[in-house]
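Please find the structures below.
Shared chain: chain A. Partners: chain B in the first complex, chain C in the second.
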Partner chain A sequence: MSTPKGRLLAWLETRLNLTEIFSFLSNFGLAYGDIDTRKPLREAVDEAFRKPLPSYAQWPQVLGLLTFGLFLFQALTGVLLAFYYQPAPATAYDSVLTIVQEATLGWYIHQMHYWGSNILIALLLLRMVRLFLHEVYRAPRELVWVLGGLLVLLSVYAGISGSLLPWDQQAYWSTIRSLEVLAELPFFGWLADFLVGGLEVQGLTLTRFYILHVVLLPLSMFVLFYLHFAAVRRVGLSRSQEAAQLRPLYPDHLVDLATLLFLIFGVILTLAVLAPAAVQPEADPFSSPAGIHPPWYLLPAFGLIEVLPAGVGGGLISAGLLVFLALPFLDRTPGRRPLALVLLALVLAALVWLGYTGYTLRG
Partner chain B sequence: MEAQTPADSPQGRRRFFKGLLAGLAGLWGTGLLASLALYVKAPRRPGGSLDNAVVVGLLDELPPGQGQMITGAHRPFWLLRSRQGELVALPAVCTHRRCILQWDGGSQLLCPCHQGVFDLNGNVLAGPPPRALDKLAVTVKGGRVYVYP
Partner chain C sequence: MKTIAALLSLALLAAGAGAQNYCKSCHSEQEVEFRQSVHREELGCVSCHGGDASTAELPQAHGKGFRGRITRAQIPAFCAECHADREQMRPYGLPTDQYALYQTSGHGRKFAQGDAKVAICTDCHHSHRVLGRDDPQSPIHRQNVAATCGHCHADPARMAPYGLSPGVVADYEAGVHAQARRQGSAAHLPSCADCHGSHGTAPPGVGDVSKVCMHCHRQTREFFRQSPHFKTLAAQGHGECAACHDNHRIAKPGPQLWASACATCHGAGSEALRTAAQIQELLGQAQADIDRARATIETARQVPLGVEDYQQRLATASTYLMEAGPLSHTLDVAAIEELTRKSRSVAQELETEIGEKMEVFAGRKLVVGLVWLYLLITVLALQYFKRGSR
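Our next item is the complex of A and B:
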């Protein structure tokens, strides 16, 4: 302990509860299990690193970890974009052009944020399918499901609010389509309407979408992630007993973790280069271009409200969302899996069909 | 310690690969940080073209011996016309604590905050300002005055 590092650690240790900080950080999927915060940091870390764990960084538990990693990635790229972005109709588009044309590597950060958001929503949805398949909503894991469902909803709101910010034609008109969908939904839509300050897309909408997108929604998602990890700590990873493959945190899990994060980073980089989202001409309220849709995650809802008579579709979607969130409390009897699987297949098929309908409606 | 583990022993190889990994990770991290720093550094807009100029007004509106503070650009500046008709544009922002400079009607710009004094070439004559004022480029085209603030 006479090394400079050891002396620094000891100096800090007497002035800060380092173990408490480590325990807080390890909440977010780093270590797993309780940490004795009365022990000095070295001991607590050694203990946490040596403790064998179920493999949370491998299929099927990996999706939760990936979504949180992506969330942090979005936070980082989002902060970088906010270094230049100006949320007012007169300046928003110009500031986006500054990012994608003038700032070094700005276009890259813009594209990575765009692709990261789409992948984040897709992974959160995929995660709900896997939780359903593996019945990770039975007692005592109801909250794991509910928190995951709320994360899906918030990420969709974050996606909608974020897609307006570039203030180009695509942003403007696809937001009008999105708000059309939201306005139809009892409760979920009214909430959105209230938050955006009316269904007209104008300066106030942009300002409010901005503050929702950069402060309120990420903060809420962060809290939900935290609660989610806390719930997993309490009830344990699903299938941990069956898998029974326990490995130490260091180096096995950390290597898995690093590999995964590099992989997802690579996927985003590749998509950002090969399939970049175009920046279109500046938003023009007096000319609507053809072929603009709401974002893909709203397409099924868009299809449904167009297919059904006014008022019916929106009610149906809101009811569906409530059933989705309350599933752990509605389906309490284990077994009956064939029925559940058929239902899941039907729901997925209906979503795909409705999405296709929504896509072709205003081609 | 070092002498007891020759380079071709398992321990030596282990140390080599550990160092290699750390080196690569460091290289990657440095590249990442450098890219981020380059992005965050605000791009320098090329000056000098008429696109970046501020149209101050007509030359005839500013008789010789008169001066005017122009506030439309990203920083205020003084546009002064000497009795010989020569145009001078100087930032109206003190180099000391960014107070707004006043023109004395003659050949000096005065800082009200800490009694700094500049001449019309931007040089510091008195007071605490650490640097001279940068003279701004002025062009007259078609009777209009353009300043590059």
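Our next item is the complex of A and C:
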């Protein structure tokens, strides 16, 4: 403890319960199992790192951890964008141009935030498929499913609110398409009216979407992530928890996690450079460009609303969302897996078909 | 109490004296139309048809002073009773010469000869539902004039006795003016009445067409006067503008017209066609350079580069080319070339500049490569460290 680092740690330790902070952080997948907050930090960390990993924390069960890493990445890039962004119709577009044309690395941050959001939503959805396949919604894991499902919905909301912020033609008109979908939903439809804050998408809409996107939704998502991980730590992610415990947390698990995070960063950067989102001309409420769709995650809903008579599509979507969230309480009998798999395949095929329909309609 | 009763009876009297219109009990259709008319405030049924609107009893209603239906033969003079009267029209700021003009028009002259099938006031303005010309629903609104004229002039059966072509309206609709008007780009673009007149309708003679076009295309006509065509076409009795541009189906002018129009008079291999080919090439090259520059700017905008400056310079290049269009009527190749050279030089210059800037952004792919290299090395090192620590 005679090194300067050791002395600093000891100085802090007498004034702060560092172990308790470490224990809180471990709620987000940094460590597993209980941590004795009465022990000094070094000891607690050593103990946690040496602990063999429960099997539920291994691939492919790390998707949740990956999404949280991505969420932090979005928060970081989002904060950097917010340093320059000005959320008012008169200045929003110019400030985005400043970000992508003048700010150091601004173009990269902007594009990576865009791609990061898409991948985050995709991973959260993929994770729900994973949970369904491994039946991680049966008692006592109902909350794992429900909280995960809510995270999907909130991330979609964050995506919609974020896509308006650049205030270009694509942003403006794709938001109008998204709101067309929301307005159709019974129970949720009033949200569209509330969010718009008037008869059309205008300044107040931008203000509301901004505050939703940078404060309310990230905060709610953070709380949901925390609760979700808390549930996972209580009940585990896998039904085969009692299986052999293989590797220690450190270095095996943490190194693998770092590897995955590095790789996903590479993927985001590659997509940002090879398939960047074009900055369109400034939003013009009086000129609707052709070929504008809602974001991809709303395309199936958009397609359904276009295909079915008014009122029916929206009702179906609302019902579908409720069934999706309440699945653990609807499907209580284990077994019948072939039927469930066929249903999942049918639902996925229907989503793809509806998404394609939504994409081609009004192109 | 007495006061209230007195007031009540007064109110009742006033209501009774108010113009209770009984005409509409039988003529409801005309009433509905008339209610939309510009005449609705000042005039009523009896103003034109006479009779008594205040009674539903037919003998009295269609009794004293009743004129009934006004025949086609009566209509122009009947409308003129008010519309040619300066005193009556003054409050509305309306001209009073329409009837006089009408009598000089092709329609009016035929009408005077007893032909009741030609257009009269109500054919274009409607009888009961007379709308102002600024009303988009009005048949004489600028956007509707071609359809209104076409009601008769696109009808082969109606045009046959007069030996007139029923194709003129379709020709006009296919022309550049109608196309631009439909796209809403400019409400002032000409329709039938702008060249032929409205009340004094008469087709411009062959020699008049150029003067009609000159209302808008003044500069072009000035250039045309400097060309050898000016005197030759006049001497041969051909129209000026219509000889190349047609009169109703007026094609969008551009380089391609130099290939098609000139060859209708000039033989293959002639000096004139060589000049035409030269001019076509000059205009075509400038247009191609501008198109290419516009595409490059669009690519740059998506990068995104700031392109406002480039867009302004592209507008300058387009303006030079736009000037070259009218100037080309002089057939002065050197003068045309000077303008197209300026246009091309601006377009090419900005394309080169954008190209240089774009090279900077091509470096992004290199960045991705380098980052991947770094990531892979780090990942390999981490994995190596993991194995080593077991």
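By our rule, the second predicted complex is superposed on the first by the 347 of 363 C-alpha atoms of A that agree within 3 Å, B and C clash if a C-alpha of one lies under 4 Å from a C-alpha of the other, contacts with A are read in each partner's own complex, and residues count from 1 in each chain.
Simple rule for what comes next: contacts are C-beta pairs under 8 Å (C-beta built on N, C-alpha and C of every residue); 3 or more make two chains touch, one makes a residue touch a chain.
Everything numeric in this text was worked out from a predicted model, so none of it was measured.
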> Looking at the overlay on chain A, is there a clash between chain B and chain C, or do the two fit?
Replying inline: fit
>> Nearest 10 degrees is fine: what angle do the Cα centroids of chain B and chain C make about that of chain A?
In response: 70
>> Taking the superposition on A as described, I'd like to know which of chain B and chain C A:Ile109 touches: first, second, both or neither.
In response: first
> Counting only touches as set out at the top, which of chain B and chain C does A:Val100 meet: first, second, both, neither?
Replying inline: second
>> Just to be sure I read the superposition right, which of the two partners does A:Met221 touch: chain B = first, chain C = second, or both, or neither?
In response: neither
> Of the two partner chains, chain B (first) and chain C (second), which one does A:Ala301 touch, if any: first, second, both, or neither?
Replying inline: neither
> Which partner does A:Leu257 reach: the first (chain B), the second (chain C), both, or neither?
Replying inline: neither
> Touch check for A:Leu80: first (chain B), second (chain C), both, or neither?
Replying inline: first
> Between chain B and chain C, which makes contact with more of the residues in chain A?
Replying inline: C
> chain B and chain C, closest CA-CA distance after overlay, in Å?
Replying inline: 6
> Across the two complexes, what residues of chain A are contacted by chain B and by chain C?
Replying inline: none
> Contact residues on chain B for chain A in the complex?
Replying inline: 35-36, 38-43, 45
>> So in the complex, the part of chain A that touches chain C is made up of which residues?
In response: 97, 100-101, 107, 251-252, 255-256, 258-259, 262-263, 265-266, 269-270, 273-274, 276, 278-279, 281
>> For a test of understanding, state which residues of chain A touch chain B in their complex under the given definition.
In response: 80, 83, 98, 102-106, 109
> Can you list the residues on chain C that touch chain A in the complex?
Replying inline: 301-302, 304-306, 364-365, 367-368, 371-372, 375, 378-379, 382-383, 385-386, 389
